[in-house]
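To start, the structure under review is shown below, and the notes come after it.
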Amino acid sequence: MNYSSEVLQRFGLPQADGAFPDETEGVVRGEAEDRSLGIWIRFDVQLRDGLIRAVRFQLFGCPHAIAAASLICERLEGKPARALAGIDLQAVAGSLDLPVEKYGKLLRIEDALLACRQALGRSQDTSEARKSCDEDETKDS
Amino acid sequence: MSARPLYLDNAATTAVDPEVIAAMTACLGTDGSFENPSSAHPGGARARQLVEDARERIAALVNAQPGEIVFTSGATESNNLAILGSFDADPRSRKHFVTTRIEHHSVVDTAHALEARGVEVTRLDCDAKGVVTTGQVLDAITDATALVSVMHVNNEIGVIQDIEAIAQACASRDVRLHVDAAQSAGKIPLDLGGWGVDLCSLTAHKAHGPKGIGALYVAGGVTLAPQLHGGEQERGLRAGTLATHQIVGMGKTFELARPERDGPRLAKLRDRLWRGLGEIEGIRLNGCRERCAPHILNVCFAGIEGESLRLALADIAVSAGSACASDDPEPSHVLSSLGLSDALAQSSLRLSVGRFTEPADVDRAVERIGAEVARLRALADGAPAWCST
Amino acid sequence: MSARPLYLDNAATTAVDPEVIAAMTACLGTDGSFENPSSAHPGGARARQLVEDARERIAALVNAQPGEIVFTSGATESNNLAILGSFDADPRSRKHFVTTRIEHHSVVDTAHALEARGVEVTRLDCDAKGVVTTGQVLDAITDATALVSVMHVNNEIGVIQDIEAIAQACASRDVRLHVDAAQSAGKIPLDLGGWGVDLCSLTAHKAHGPKGIGALYVAGGVTLAPQLHGGEQERGLRAGTLATHQIVGMGKTFELARPERDGPRLAKLRDRLWRGLGEIEGIRLNGCRERCAPHILNVCFAGIEGESLRLALADIAVSAGSACASDDPEPSHVLSSLGLSDALAQSSLRLSVGRFTEPADVDRAVERIGAEVARLRALADGAPAWCST
Amino acid sequence: MNYSSEVLQRFGLPQADGAFPDETEGVVRGEAEDRSLGIWIRFDVQLRDGLIRAVRFQLFGCPHAIAAASLICERLEGKPARALAGIDLQAVAGSLDLPVEKYGKLLRIEDALLACRQALGRSQDTSEARKSCDEDETKDS
């Protein structure tokens, strides 16, 4: 298996691994797993004033998944909460030079973020949120 | 702390001993014995003598006669020659082969080739520790059985099969026995003549000799059909110009090997490794503690994803499964045979020590592995139970 | 006069070039690239890179793509793989093989093995100079022909066949061509890609590389059935741990070889030898002066009994027939094909020069041969005519 | 092919190779050949006072034959003429450690000696001569 330097770097020194202590204020948690793909992931997202202040992740899975989770955490910080539903998976895969057979795991990572979004318990319509997030992402990349 | 890279992959291959390198180099240049051992001139005769000396040394280590040693390009070729050569030469054209599920790929794939030629293959299961019993072998033998092939030391988990007993069983049923001893020669005493083994594959590069040279022990009276045609080398059993430097290298390798001395030294290193790693929670040994070759330790780190484990320890030369299959993401057929799930098989590592492994190397490896395992465990803290099973 | 032994047997094998020895040695010890090229760890990757570099160099010398080079244990194995592998993989199960009467034993014997499997073999005669024509090849090809195998340079008499024309002929009939180029690589430019050869056997030890390593050129799109089972090495075409030092040695050998420079140098030495020996009465050249490899000279000393000739010159390393058959008192099948009587074939010697042959060596050889021939001629003075025919 | 040191020595430096000039006094000549065995041999035997003074040989053949001829010449010198018919071939083969497949050539060498004996033109009965020669040989070896 070949790994891009982006993957190697984030795998060796993930930027946002871990979790927030259980009672940390403003933290929502979201999980996803897929036994057949060999991945389990959990995000802790800390929000303040509608913005994502910090994200932490825990993960059982391959180096690509670890690197992807790490990169996503980096990208989310400082974004509005709706960004949780608007990660551009293609862009993540591209940045890390992920092999196609790993794309399935990205979808599970997205699921965990969506679970966070859901946990936020907002009343907004998710599809509308996703739409504006997409706009954000486009500007962002 | 030394910058010397950590090499714990001696079951994949070994560094060549300096004495072996010196012996090999002396057969290469204009001032050495570079001549063709088949040549009639004095230089050829000198090279031939070196070849015969090497044959004697190899025979001596495994309790064989020099005339029973046929040089090949390695244990892969020896396994092919032994198995295909036995069926091609079987006077009764019998069409049944008995082997195990935990053989090296060169036996596994040769068995497939036999099937394509209409031979029926019985593959014996091993138990959860990797052991195959004599009773299983006896039960599998039928009137149509031309050959039984059981490896001595498994290359992934190091389990040692009781070849002496299996040889007796085969002899009692008048069936020929082939043994793949690629991993054992030099580390465990081999008494091929005494045990009554018919065919035995040997290789140099697992015992601090060069890659690309091996031998097949062909007990006196055992007939084989050559698989490589052309030239009368090796009594017509294996054509091709004899590679003097390779053969001399293998001879020196087997001369330097002292199983009674090297085996216990390797076992001490392996035990030190196991003591150190044993401190890690949730670690398990794959194979059989009581019947394990001295140089191999196969451990499973439950709860750590295999690919991440391997990448985290990429600076330590170890194997996941066997080297030959390293590009292959399939879980090891050997670990699967022990009953491990695909995930646990993927979370396993083979660590193997050698002549040049020092206790300090073992300690550094334990430290590094401990640290990475702790890091990846922390990362996966809270993961569901299936991640550890 | 130097005590350096006279080595004029470079067609049997050659001394390894010091640069090649250095490259090989760097792959052996603990401080070298001794790791298994199939291993996933960085040491394995480094060894793999060395293997791929070598593959590129070998491909470059013969105008091939690196992916068209499959490593084997030598030209003997390459010949076996090319021929048996072609028939085993032939989609139409064709059962006709065309070859010549002057091939190396590894082709001759493989053809016998094919016959045992029901393949019909057509063996083309050569003319009195050792040449086989394109017309003969075309005439022999039938709808059942799966493969044609013609050697490039004959190992006994050095005659060069017109492979380019033969390749064109085979292509025009849609029949696969295998070429044994063991003797030519490094001495005569090989343009495998340009000529349209399908399969070509190469070896290192005839060109100042190590024995026990060779390659088979398998042109893109040509399918073969592997003959050695186990492991995914060499795209599944040839199992067995890759012998890094051997492969690196072959790579260096082919990198150092410069046919445009080495060929003419060797030819000059050979011509000097022929000029010197030509003074001897009753000497004849076996083969073809105009189409002879630069390093080989095969001469017949009519009127001198072969065994005495060989013993008289035992201090000079030369061959009677080919080295592989040196223990074999049978007259060479190649010389017989030229029409030589058994006695004249026995009275023939092959002298072959190499990179380390100096003009002074040639002169000393001429002197020694001249003296012994004169002595044995004097001893047989008055012998009847049959002794010279 | 392996050669005994006895063969090697005599092949490299035969003791009595050559022939006597055509008009040498007291010289008889005898030849034998066998194409299928690849041997031709000619002896020149010089006699004086009924004794063999010197023997020379010429030969086309293998090293063993050359060595055997050389050894026989040495053994004959100083012997009575009847010794030409009494060479102990077994002893020669033994001294040179000849391989059995070479024995046929020894018989042709003997033929050449017998031809010399014949050439001597004596009237004695050959069988009688051989008989007494045999006695000589026995003492000799």
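Order as written gives the chain letters A, B, C and D; numbering starts at 1 within each chain.
Everything that follows uses one rule, which is that a contact is a pair of C-beta atoms (placed from the backbone, for glycine too) under 8 Å apart; a residue touches a chain by one contact, two chains touch by 3 or more.
Quick caveat, the model's predicted, so the values are computed rather than measured.
Participant: Are the chains other than subunit C still all joined, and if not, how do they split up?
Facilitator: A, B | D
Participant: Once the contact rule is applied, which chains count as partners of both subunit A and subunit B?
Facilitator: none
Participant: At what distance in angstrom does the C-alpha mean of subunit C lie from that of subunit B?
Facilitator: 34
Participant: Which whole number of Å gives the spacing of the CA centres of subunit B and subunit D?
Facilitator: Distance between chain centres, rounded to whole Å: 63 Å.
Participant: Distance-wise, how many Å sit between the C-alpha centres of subunit C and subunit D, to the nearest whole number?
Facilitator: The computed centroid separation for subunit C versus subunit D comes out at 46 Å.
Participant: In subunit D, which residues are in touch with two or more of the other chains?
Facilitator: Subunit D, residues with two or more chain partners: 1.
Participant: By residue number and range, which residues of subunit C touch two or more other chains?
Facilitator: Touching at least two other chains: 40.
Participant: Quick one: label the inter-chain contact graph as line, ring, star, complete or other.
Facilitator: line
Participant: Pairwise, which chains touch?
Facilitator: Final set of chain pairs in contact is A-B, B-C, C-D.
Participant: Residues of subunit C touching subunit D in their complex?
Facilitator: Per the stated touch rule, the residues are 303-305, 307-308, 311-312, 329, 343, 346, 378-384, 386-387.
Participant: Please name which positions on subunit D make contact with subunit C in the complex.
Facilitator: 1, 3, 8, 11, 14, 17-19, 33, 35, 38, 40, 42, 58-63, 66
Participant: Looking at the complex, which residues from subunit B come into contact with subunit C?
Facilitator: Going by the criterion above, the answer is residues 5, 7, 9, 12-16, 18, 20-21, 24-25, 28-30, 32, 34-36, 38-44, 73-74, 76-77, 79-80, 104-110, 112-113, 203, 205, 210-213, 227-233, 239-246, 310, 314-320, 323-328, 356.
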